[in-house]
Amino acid sequence: MSFEVILGAWVATGLTLFILTFLYQDNPLFKLAEHLYVGVSVGYAIVKTYDTVVIRLIYEPMVMQGDWWLLIPLAIGALMLTRYVPKAAWMSRIAFAFVVGVGSGLAIPRVISSYILKQIEDTVRPLASLATDGSTTFTYSLLNPASNLNAIVLLIGVVSVLFYFFFSVEHTGPGKAVARTGIIFLMIAFGAAFGYTVMARMSLLIGRLTDLIEYAQPQYGRATWWLLAATIATLIVFHARRKGTEPPQ
Amino acid sequence: MNFAERMLHIDRRIIFLMIGLCTLIPLLYPVGLAIKVSPEVKSVYDYIEALPEGSVFLLSLDFDPASKPELYPQAVALLHHAFKKNLRVIGMTLWLPGTGMASEVVSRVAREEGKVSGKDYVFLGWSPGASSVIINMGQDLYKAFPTDYNNQPTTELPVLKGVQSLRDVAYVISLAAGSTGIETWYVFGKDKYKFELGGGCTGVIAPGLYPLLRSGQINGLIGGLRGAAEYEVLIGRKGNAVAGMDAQSATHFAIILLVILCNVFYLLTRTSKNRAEQSLR
Amino acid sequence: MTFLRRQLPLLITLVTGLLFAAQYYIPHPSSELMLTSVSKWLQIIGGFALILGVTSLFRIHAVKIRRKEPGWGYSFVLYAGMIGTIVIGLWHGGKETTDGITTTFGWIYTFMMVPLQGTMFAILAFFIASAAYRSFRARSREAAVLLIAAIIVMMGRVPLGEHLIPISGDITQWILNVLNASVRRAILIGVSLGAVALSLKIMFGVERAYLGGGKE
């Protein structure tokens, strides 16, 4: 294994442990790693933006292929930056107006088609199916999402939740029952969302611990063990120092 | 303060320790319980399986390092499957911080499968603007990405022969960690350019994508690490996702136990409070 | 001057908005050409928007250092990380690998940025567990429904849950495919209607907050 990879394993392990120290309490090791994270991430973003936008999207097409039309977006982009010049800040509005105008124009028909029409179309389905011999059938299977029973449940869910969020009508009488049904549906969906969020967060932890286990192997110089010991020792020192500087009760 | 109240105000670091151990122990000593494949993951697998050799498959790795444990294994499994099927693979990302990771996974899996850059696959990299990138690719792929990530002109790459726009792509899969991903690919891509779209996503956003799955706007969905494990089972190549499933089981049960305990202690404190109020009356 | 500062931006928004909304319904070759060009422009302009975000972060920490606010030393760490990455990144032409060999820029990405960002989000696992213990209580019937749904889904999505209670997987599938999908669909329709209404308000100059401050 190359020296760079072993060094990388030590750095990655150290930084991972520094952030995990936050679980004990806020401390300088965590703050150091946190600020380094922001710095490196922003640095990475700047390099990538320069390489992609300036070199690949502007310089190469313009200078090498003569696509001088690109001066227009370049000018609009430059107008955006006038925001930092107080006297010329109003010029940035022209750039924002263009971006927001085009963005809205592009989004409106596509959102209507994708999220409103397609979703309504799939909600308002026939409540019974037509069999090949011409007779009507009704499928009860809950496990089949396309069954007629599920189509009815789905319709009730969509309508009751939409009604719950519709405040122009007072939720009394039959309306109250519909709104309450909506709440039950909402609670079940929030429960599912919570379950999935737990799943996601635990997966992230599994990922980090998998790396720490790998870096504890002898070929990496048992980086995890050494750095874990060093981190704990540092935390003890910080703790002792803090106790020493705290005013007596 | 009685026992139940004391337990409700337990130091949170004890909970942290419990979760840490529940994750760590199964990773060190795995059990290997069977993983059932869900229909939404099977749909993605079946679609790729049915694609003829040489079809164009676009994998958009729309995530950053924060979601690596969930989506990286999905990318590995999908790429192995696509390369095994001899599809022409296009890799790209709409997320700037994920560029390095996306480039690494595409080239690494391609190398493992003996594929050549430019001939069998291409990594286009990242470009700003997400929705405008997709529209631009739908109009003219070569204009959206004049060069690939290795600065090779895209017009000269054999892998992109006959691929003028997204209309020429047989299957697109977005591995998404947020709304810039599957939803963007549908609204600004599939809606107009009519390619088939599948999705992979983090657990957090998965429940929100079921309406699109039901309406057929996406033909399948790989949700979180569990989805990745299911895909690994389908292609018969067990990796990090399957390895993490025991830890996932343990942590889920730890949380369920915590929730039950919390409610038991809560009920106990409420009962004792009610009793105290009644005795005062 | 008032026209340039006030009316012109509103006019640009209206014209471009209507033009590109109409473009969707008129896929004529010339309108398609316009879409191709402008979507390319938006990619470039998107790059400038990123510069705006980064600059404000730069300024916040510069102020912190200048005023020697508590923890200003960490702002130096931030600057060192940022400038170091930029210099090394530009030196390597923004590439993590060259001819299959990892560059120093790629090393920084793989061994610093990836674990840092990954762990930053991984610690949320601990806090979600703590929050579940402290606040996930069946205080009402609705809260009890939420709690039961969460427990079923947590069981149904892991092999151990499916092994102990085989039906939990099927119930989870039903919750996700039907009950959850219906709620998410209602929310999606509602949010989309709101987004379309907001876009129309922006186009017709009713909503102007996006134009921000600056001298009139």
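Just so it is clear, A, B and C label the chains in written order, and each chain counts residues from 1 on its own.
FYI, contacts are C-beta pairs under 8 Å (C-beta built on N, C-alpha and C of every residue); 3 or more make two chains touch, one makes a residue touch a chain.
Keep in mind that what you see is a predicted model, and the values were worked out from it rather than measured.
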Furthest chain, CA centroid comparison against subunit C: B
Chain closest to the middle [Cα centroid of all protein chains]: A
Pair of chains joined by the greatest number of C-beta pairs in contact: A-C
Centre-of-Cα separation between subunit C and subunit A, whole angstrom: 6
Chain centre separation (subunit B, subunit C; CA means) in Å: 16
Centre-to-centre distance between subunit B and subunit A (centres being mean Cα positions), rounded to whole Å: 12
Touching two or more other chains - residues of subunit B: 16, 19, 23, 66-69, 96-97, 99-100, 127-128, 135, 192, 207, 211, 214, 226, 248, 251-252, 255
Residues of subunit A engaged with two or more neighbouring chains: 23, 41, 44-45, 48-49, 52-53, 57, 103, 106-107, 110-111, 115, 119, 122, 145, 154, 189, 192-193, 196-199, 201-202, 204-205, 207-208
Touching two or more other chains - residues of subunit C: 24, 40, 42-47, 49-50, 109-110, 113-118, 120-122, 125-126, 128, 132, 147, 150-151, 154, 157-158, 173, 176-177, 180-181, 184-185, 188
Subunit C-touching residues of subunit B, taken from the complex the two chains share: 8, 10, 12, 15-16, 18-20, 23, 33-36, 38-39, 64-69, 96-97, 99-101, 103-104, 107, 127-130, 132-133, 135-136, 139-140, 143-144, 192, 207-208, 210-211, 213-214, 226, 245-246, 248-256, 258-259, 261-263, 266
Residues of subunit A that touch subunit C when the two form their complex: 4, 7-9, 11-13, 15-16, 19-20, 22-23, 31-55, 57-58, 69-70, 72-74, 76-78, 80-81, 83-84, 86-87, 89-90, 92-112, 115-116, 119-120, 122-123, 142-143, 145, 150, 153-159, 161-162, 165, 183-199, 201-202, 204-205, 207-208, 211
In the complex, subunit A residues that touch subunit B: 23-24, 41, 44-45, 48-49, 52-53, 56-57, 60-61, 65, 103, 106-107, 110-111, 113-115, 118-119, 121-122, 145, 154, 189, 192-193, 196-210, 213
Partner subunit A, residues of subunit B touching it in the complex: 13, 16, 19, 23-24, 27-28, 66-70, 96-97, 99-100, 125-128, 131, 135, 146-147, 151, 186-188, 191-192, 202-204, 206-207, 211, 214-217, 223-226, 240, 243-244, 247-248, 251-252, 255
In the complex, subunit C residues that touch subunit A: 4-5, 8-10, 12-25, 37-38, 40-52, 54-55, 57, 71, 74-75, 77-86, 89-90, 93-95, 102, 105, 107-126, 128, 132, 142-143, 145-154, 157-158, 170, 172-193, 195-196, 199-200, 202-203, 210-216
